[in-house]
Amino acid sequence: MDINFLLANTLNGVVYGAFLLLTSLGLSLVFGLGRVVNFAHGALYALGGYALIVVMQQSAGYWLALVLGPLLVVPLAIAIERAAIHPLRSRPEIYTLLVTFGITFMIIGALEYIWGTGTTLVEVPSPFAGTVTILGNPYPVYRLVAAGLSLLVSATVFAFIQFSAIGLQIRAVTDDAGMAEAIGVNTKWLLTAVFGAAAGLAAFAGALGAPIFAIHPDMGSGILIDSFLAVILGGLGNLPGTAVGALFVALTKSIGGGYVAEWSLAILFVVVAIALIFRPTGLFGRGRVA
Amino acid sequence: MEAPRFAKLTLVTLLAATVYAGPAAGQAESIKIGVLTLRSGPMSPIGDDIIAGIETATRMQGPLLGKPVELIVEESQWNAQLAVTKATKLVQQNKVAAILGTSTVEALALVAVADRLRVPIVTSNSGGAALTRQNCSKWVFRTNAEDLMSAAALKQVLAEKPKLGSAKWFTLGHDYPYSRLVAKTVQGVTGGNYVGEAFAPLDTTDWSPFIARVRSAGATAIMMSITLGTPLLQFVQQANEFGLTKEAQLVAPIGLPDWLVAKLGPLSTNIISTGSWAAWRYEEKNPATKQFNEVFYKQHGRVAGMQSLQSASATMMVYRAIEKAGSTDPQAVVRALETIQVATPVGPLKFQPGGRQAMVPLFLGPYEELKIPRYGARYAQLVEIAFPASKSLPPTGSDAGCKLK
Amino acid sequence: MRVTRDIGKLVPLATATALLAGLPFVGVGEFTITLLTEALIFGIWAMSLDLLVGYAGLVSFGHAAAFGLAAYSAGYFAREVMEDFFAALLVAEAVNVLVALVVGFVIARVSGIAFAILTLCIAQVLFTIAVIWRSLTNGMDGMVGVPLPKIFGISLASGTAFYLLTVFCLVGVYLALTRLVDSPFGRTLQALRASEERAASIGINVHLHKWLAFVLSWAVAALAGTLMVFLKAGTTPMSLHWTESGNVLVMAILGGIGTLLGPVIGATVFVFVRDEFTSRFQAWQFVFGLVFVVVVLAFPTGLVGLLNRIHGLRRRTRSAGEFPAVIKRIRSSLWRARL
Amino acid sequence: MASALVVQGLSKSFGALRAVENVSLDVAPNQVHSLIGPNGAGKTTAFNCISGFLRPDVGRIWLNGQEVTRWPPHRLASAGMARTFQITKIFSELSVLENVALAARSRDGRNLQMWRRANHCAAKEQAEEVLRTLALSARTDSSAGQLAHGEKRVLEIGIALALRPAVLLLDEPTAGMSSRESEHIAALIRKLSSRVSVLLVEHDMEIVLGISDVVTVMTQGRIIASGSPAQITRDPEVQAAYLGTAEPEFVS
């Protein structure tokens, strides 16, 4: 297997990594802000896929549905936060994992009940249906477009966190919630809003990935594990770290998948395990994760 | 916790357990048949097809030994452990006369406990050859074709289709023992034309690394031993997205369920199946298939897929056996199953002498667009070759390695 | 005095054991016994998790590893070497303890979410090995053909005999673990849960204690895995999958962690509810998730906490002296209304 | 008489931030040695380095003449160094008695006993005695989490005392207390110094000056002065450092 093969799978990894960043960012933000381990993130991703279908059925085009669909998920996520996560504020963070574990079951069950268990293929939207030649082989244009869009949205999120007033508050709370509250940041409101926004990001990813990965009720479980590994590797709550983590997970899967197929996942888990043993707070984590 | 509380809590649990009696035994006069299959998750359309086929066969049957037939469907999640629990429930609580449905992993798990359950199990959705060969059990029968039969059919196809025979072959599968067997077979049959294989982890959603691998190997035919359902849809979609379908012929080692073909739509025409267990277009040759298709369409409003046809055939064999035995005595039904021959939607069926594998034909051919949609289907498999069991199966069970006690 | 107090505690336990063991003989349905056997095995498993989660405060999201590994080693031994239950158990214990000693030594370095993810990683790696090492495990098709267990040369052919064996194991584990959590070691684990830093500052070797807790937990889980592989006559890689780890965590939390008995009740409820739901509803996942969410939100101490609260309420009602006069009046008027 | 605790040339950086730089301390037996300085002076970092919770970059530490540099916290504790925390760390779900008994058992090396009942240990009597000394006997069976804030701080000292340490490190023991409670603690510390050497980080100047034998002043990671309370109050550098920051810094 030649260098072209390695390069092809590096490209595959980068494309998937860009996509993974979208789902990981929200997970990381919500943890950093409210110590919420959101196991339902994958289910919200799936909801995004179904929201896309719902909007497209109203004879909206793909691109319109890509924008509107995720917006449908946001209020639902906010309701989930208020009803199930907010009441757990005073309890150890592991309870948020448990409650969102249950919510995942509820969402998947509801999706199966309403839309059935089947898989829906979404056609690659025009005008990006074809391929371009990269490294001597055809490569789907839509993957490049989706990766570009993912990066664009992620960069916007980064910029928002870095430069906006609300972003400043988010960073302050992530750094030291008690202190931020003392200087007048409304952490409750902030968490609810960020949870909604993170769900929107996940839903957007689900809709954006639909023409590649198709839509079915359980579509979120794979991406959830990948995102978790990315966020853990990067250091929970650390956004630049999350970006590196996402890229790392994606490259391990694609390059590993190319060379040692069936072992690739095990290798990923071993690497994450080793990283955690030496850096329990992630490669770029600060302080202790209690 | 104080110890007295232990007593109280245990008492509560015990009461709950005692009160729990499950559904009432139902009408005493009915004959109960258990169906064990997948009812949730992305693969459950296969379960739906299995149940639908059994329902139609049951409706066509009418009363059995003068009694109504009652179907009891249980969710097994295609999980071996849960399947054992649910099979036990069907036997101990519902007193079923036979169990239908089940996939390979469940059927193998049931073989292990078959002597404890003591009920005829006729599976119609299990490929694993071991089930009716080295692991065979007195109680467990199979009506669909096992993997080694499909492998024999593949040889025939390669011999008859020079374009495939001279192709450069690559096996891409999920990491199931079945996939390994398919790979071994393809390698054995194609010899020097075999350019590689890869086995993806079970929850692979992004196939791009594997597509790169296939390309790097220069393959022009891909044997897809990929789980029938979402994963296969994802792979075919992504192979098309990457333009791989223009470079290589996609081959499926077993048939695609018709709901999957419907989802794939035009994409399905890139695929040839070398080992379908059933095909509804066999109705052109077999009146029993046509008769069943019509009843099925009336009842369910869709075309009878591979799993429906297969499960219906298994159901019919069980009903014939019960009629022949004259009772639902499990031993008698098993003895009757060994000897009956039944006209089913997949052709006339009987079990291999001294074995547990039905002498079932295989249906080979590409998927194509229908000029006139039929039973709601717009794409379907063309039955180019009906490959008889005599060419693919050892004549007796013991030749196949099945030693019945 | 100590002796009489111990006897005082033993009597209800003995009564409960006798009641539990007597179930098959008082007309309880055959399948209920089958399901109860499964539930109690899960109960042992959930108790072993409780030692980690409820006492040492280490949330494992990969406890299926301990269960599946034992199932594979006991099952393989029983099929290939001998059918004796205790011999197979010994093998499973040896394998589990060995692996836990190695793995635990490393992961006892971390806590909290890192611990949860690390345990998940370990389970997933074992899962992959079980899929790939086909000569030993038969891959995804699962290892089948595990014979019925023999005890002292007698084959446990009947469901009742197997059930009694399970009850015996459960009670044994319960006794041992209640003793353990009440020992200096058990108290030290609880100290770790409250604050590892504080524990270290009073001279507790935090790493050593977490390591031992991990090994003990895996040793107890080995018993559950061994029983299960005999009950099901085999196992598959799915017994190592993270969804199973999630299930056992659900059982423990549902019943109430840090109580030992709670996880057993949680496992029982889980098994019976899952059986009913999967039989009755196609969207059983929704109902299942709903029940779980409600328990986590409304009853942080699980079902045991709920039962205790009901119990406490009754006791308080009996000694009405504690009640403020207003409540007493409301209560008496309620009584009158009912009469 | 040899020093109870000697710290020599201790330095610790976090990235570019030099939290502690070349700090040396010498705590004589049965003395109360206080470490003061404005917020961010590096007192708690120094404390964490000494008690093993942080690894110093440079520097050596001796406890009762034995070098203990880079020992893990639990080993230091067994060797006779006990500490409290700035933010109360107690085992809040366990009883008050159990909190102290844990430390007593740990001192006797009984943590690993798995079959004995915890309540039947000799440690129980030792713990009860500590609670008597601290006037906490009335709360013996309460859950530690239910204690009042002041009681929790006292309990924390009790846990440390149960280790029968040679050196006791107290990190702001009066934080968040009323002045009456603070006085109570101050008296307690003074009383304890007949049995142990105390290294104290404290913001309440009145207490520091009232009970200390030696006071060491740190700013920005460095020691700027060390001496008796009288010497310290006269030191011009200390005055400058303290006048430079607003008085409220020292109000707890």
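Observations on the model:
We just call them A, B, C and D in the order they show up, numbering each chain from 1.
Keep this in mind: a residue touches a chain if its C-beta (ideal position, glycine included) is under 8 Å from a C-beta of that chain, and two chains touch if they have at least 3 such contacts.
The structure presented is a predicted model; accordingly, all values stated were derived computationally and were not measured.
Of all chains in the assembly, those touching chain B and also chain D are C. When chain centres are set by their Cα atoms, the one at the greatest distance from chain C is D.
More inter-chain C-beta contacts link the pair B-C than the other of B-C and C-D.
Here the spacing of chain A and chain B, counted between their Cα centres, is 36 Å.
For this pair, chain C with chain D, the centres built from the Cα atoms lie 41 Å apart.
Between chain A and chain C, the centres computed from C-alpha atoms are 33 Å apart.
Among the residues of chain C, those in touch with two or more other chains are 128, 131-132, 282-285.
Shown for chain A are the residues in touch with two or more other chains, namely 109, 112, 225, 262, 265.
Counting partners per residue, chain D has no residue that reaches two or more other chains. Which chains touch which is summed up as A-B, A-C, B-C, C-D. Of all residues in chain C, those touching chain A in their complex are 59, 106-107, 109-114, 116-118, 120-122, 124-125, 128-129, 131-132, 242, 246, 249-250, 253, 282-293, 296-297, 300.
Put simply, chain C touches chain D in their complex at residues 2, 179-180, 182-188, 190-191, 193-195, 197-206, 208-209, 212. Against chain C, in their complex, chain A makes its touches with residues 37, 84, 87-88, 91, 93-95, 97-99, 101-110, 112-113, 225, 228-229, 232, 236, 262-263, 265-266, 269-270, 272-273, 276-277, 280-281, 289-290. Listing the residues of chain D that touch chain C in their complex gives 51-53, 72-75, 77-78, 82-83, 85, 89-94, 98, 101-103, 105-107, 110-121, 123, 159-160, 162-163. Taken together, the chain B residues at the contact with chain A in this complex read 40-45, 175, 198-201, 203-206, 208-210, 212-213, 215-216, 229-230, 233-234, 237-238, 241-243, 259, 263-264.
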